[in-house]
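For reference, chains read A, B and C in written order, and residue numbers begin at 1 within each chain.
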Amino acid sequence: MSTLSLVGVHRRFHAGGRVARALDGVDLSIAPGEIVGLVGESGCGKTTLTRVAVALDRPDEGMVLFGGRPMVNQDGSVDLAVRRRIQLVFQDSYASFNPRRTIGQSLAMPLRRHGLQVGDGRAQIADLLEQVGLEPGLAGRHPHMLSGGQLQRASIARALALQPDILVCDEPVASLDVSVRAQTLNLLLDLWRDRGIGILFVSHDLGVVRRVAQRVAVMYLGRIVEMGDNEATWAAPRHPYTRSLAASVPTGVGRWRIDEEHRRLTGEPPSTFDIPPGCRFEPRCPIAIDRCRTEDPRLRPIEPGVHAACHLAAPLVAAREPVVSTASDPVEEA
Amino acid sequence: MRLGGWIGATWLLVVTLVAIAAPLLAPGDPLNLVARPLIAPFINPGFPFGTDQLGRDVTAMLMHGARVSLVVGLAAAAGAIGIGILVGTLAGFLGGRLDTTLMRITEAFQTVPTFILALAMVSALGASTGNVILAIAISSWPATARLVRAEVLSLRQRDYVDAARMAGLRPFDIAFREILPGALHPVVALVGVTVGGAILVESALAFLGLSDPNLVSWGGMIANGRAVIRTAPSLVAIPGIAVALTVLSVSLVGDALGTRLAPRSRAYA
Amino acid sequence: MRVRFRSHERAASDVLAVDGIDLTVAPGHILALIGESGSGKSATLLALAGLLPQGASAEGVVRLLGRSILDLPEHERALVRGRGIGMVFQDPGGSLNPVVSIGSQVDEVLTVHRGLRGRAARAETEALLTRCGMADAAHRAEAYPHQLSGGLKQRAAIAAALAARPAVLLADEPTTALDATVQAQILDLLVGLVDTERLAMLLVTHDMAVAASVADRIAVAYAGRIVEEGPSEQLIVRPGHPYSLALREASLPFEVTHDPLTRRLPELRGRMAAAGGTGCAFAPRCPLVIDRCRTESPALLPFGDGRVACWRAGEAVA
């Protein structure tokens, strides 16, 4: 089992003479056996990151390594043996199945391509479906006959058919009803536990990520601005964006109005076409100082296991800081 | 299938059966002189559609002519659509410079009217059935190519194409096995138009005397009847109606099939 | 000012979407209607606004400011729709006309419902947009919907909904399509408006966390009926209905309730039944189900400061 690493990844998109810096220097690794959550709002680049991570897209700069070696060959192709070990669960499970094929046919496709199909594959497919809690009979149905929850499971089954080391999940429960989400998440967790695979769980839904991830990375405008242990990061965020994000999530009765101060982000989210010089969060940051306008902070270790890209992030001094702290006082540099 | 589709299919079935059975129903060379010239239609039971000014049996010519029209129409359309699908799929899937080049070529062919191009080719290559089929095929493929390319471009973005890439499928497999089948449904509607157009072009070429002189075709019959149109309009009208009905039927069937084969969409609860 | 309604509803091919819902919203208060797909929550809103599609019908009583509105003829209903009831939809772009500037759209509402024209209308439009949190309103008013972000579009939609000074604001998942930070801003805005304008707001959402955070009272819908209704505090802390509890477990994000060893989350199996069956619709999935549940449909009975429709109300929370 190998680790998937993104090193210094840049990905730019050109449109009408302008350049969108969708990924602007991203370092991220997922090792087998760990669940890494990636959160960010729309436009932060997380979808682009998932595509680059599974070699559906190539970075303009930087490398994507698997087991220390580049995933994509010089000529742009990806070795079959490498393809097999990193798989993707798509955001829209319905769109990810060819409407003209039955679920069974779609599941058989990767098996056949990799020479893993035994006989007509029916037994294997039945087994795969059972592993994700679906009746084997669904193999004969077309995608439009399955519910969202079932399709999502089928999508997971297909991703697991090749027994990958790493699973990248792009918003796997976003389109599901609340009561179905738990089932799907539990399924992923069970599979994770039984097989020791590494999971990159990408979502805009902080609550879901909070409950599932061990490590979490927060993205903003193409960069990871904070990364660390899941619980620790949400209990005491170091980056002002993370703090805002955490405070924006409705948490329960009565706390909403208390968190209002924390939420106050001025202005609209900028686009990746116009990333400001210096810190990209500076225009909306409640605690920005002069240095933030000129110097782009890199993601650096603040404490063991905690990384943040902020000039004002510092190690915790004594007891844990509460989430509700006054945003107007900059944190003292140690 | 809608009513139009059934009507069209019925007519086509009749024409096909007649075309196949022509040698039995009207043995001998239809261009033989067999009777008194200009017998009016619907009078003589031996010659239901009468005879032309040279004494040839219109009924026999009609039946044998069906063969030429159908064979040329279908073969030419098959060629046009085949080329169109190939070009469209490659251009849409591969993109980049190949796409641009193929599209420029397509446009070049499209700017020349189908008939003129076919005319030029047959004039240059000679008036045989094979050349006529080739000429029509080459002048008719652009429409299919553009349609297929457009569908392929849109389907290429779909997630299930990415899923196929994740499964390790090679580009060629993805283009022709995952994308192309989904891109074909609008082409079915185009089949009707293409076959109909091919039959019309063949008739026009025959009318101008550019078809195989040894074979009788409906277009040739119309050309022949032109000389005596005042006195025996049926010589033009009857093959003309045959062409019109056949083209219309092909159109109706193509349309009905296109509607039927449109992709199923998911009903959201 | 009160909106009270008790309605049944039938869509085309006789699918029962709403099977007797009973709600009241008072001015200056927010009632959240929570439900998943199939619960009838959207149909309820549409019925209230008089926006049901062709073939669907609503029965029952809906009272706005003491006046029954469900049976009004369409032209009168249209007036009620603007002046009495304002509506905000889930898709911010969808409710705005793409070929008209947002300023003009708000102007139009002002013209139709408040008789304002020209400069007077535009001045009021700018005031409204500003009140809805749009900076530089005069400039923004000239913009077309596609030039605005999701958050700004929703602000414009809210301004248009408020332009006619309605008594009631209906909001159908107004923040679901927005990013977390923008969602927070819009919810803040709505809460603020309810306070200052003394609106009665009915907020439909699938997210219990949102409901818990901004609503005074919450009603939980399941298979076309209300299964629990009460003050937010009570419903969240001590849900009376097992479904409410399940929703809470699944929704409230920052209270991590998974098993620390397996990280598994509490699950709710099965799918929502269709409305209108016999017995309790939740019975097939209910952890507390008894025989009576399958045969007798429980009525909404008083429970603390609210109501619950369950034969074993209150037993779900230990």
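Things worth noting here:
Convention: a residue touches a chain if its C-beta (ideal position, glycine included) is under 8 Å from a C-beta of that chain, and two chains touch if they have at least 3 such contacts.
This is a predicted model, so every value here is computed, not measured.
Fewest steps needed to get from chain B to chain C, stepping only to touching chains, is 2. Counting C-beta pairs in contact, the pair that comes out ahead of the other among A-B and A-C is A-C.
Rounded to a whole number, the gap between the C-alpha centres of chain B and chain C is 58 angstrom. Spacing of chain A relative to chain B, judged by their CA centroids, is 53 angstrom.
The mean-CA centres of chain A and chain C are about 31 angstrom from one another, to the nearest whole unit. The set of chain B residues that touch two or more partner chains comprises 269.
Contact of a single residue of chain C with at least two other chains is seen at positions 37. Counting partner chains per residue, chain A has residues 147 touching two or more of them. Considering their complex, residues 36-37, 149, 151-152, 179-185, 187-188, 191, 206-210, 212-214, 232-233, 236-237, 246-247, 249-258, 262-269, 271 of chain C touch chain A. Of all residues in chain B, those touching chain A in their complex are 158-160, 162-169, 178, 181-182, 263-267, 269. Within the complex, the chain A residues that touch chain B are 54, 56, 78, 80, 83-84, 87-88, 90-92, 94-100, 106, 109-110, 113-114, 142-144, 147, 158-159, 162.
For chain A in complex with chain C, the touching residues are 41-42, 147, 177-179, 181-183, 185-186, 189-190, 193, 204-208, 210-212, 231, 234, 244-245, 247-257, 260, 263, 265, 268-269.
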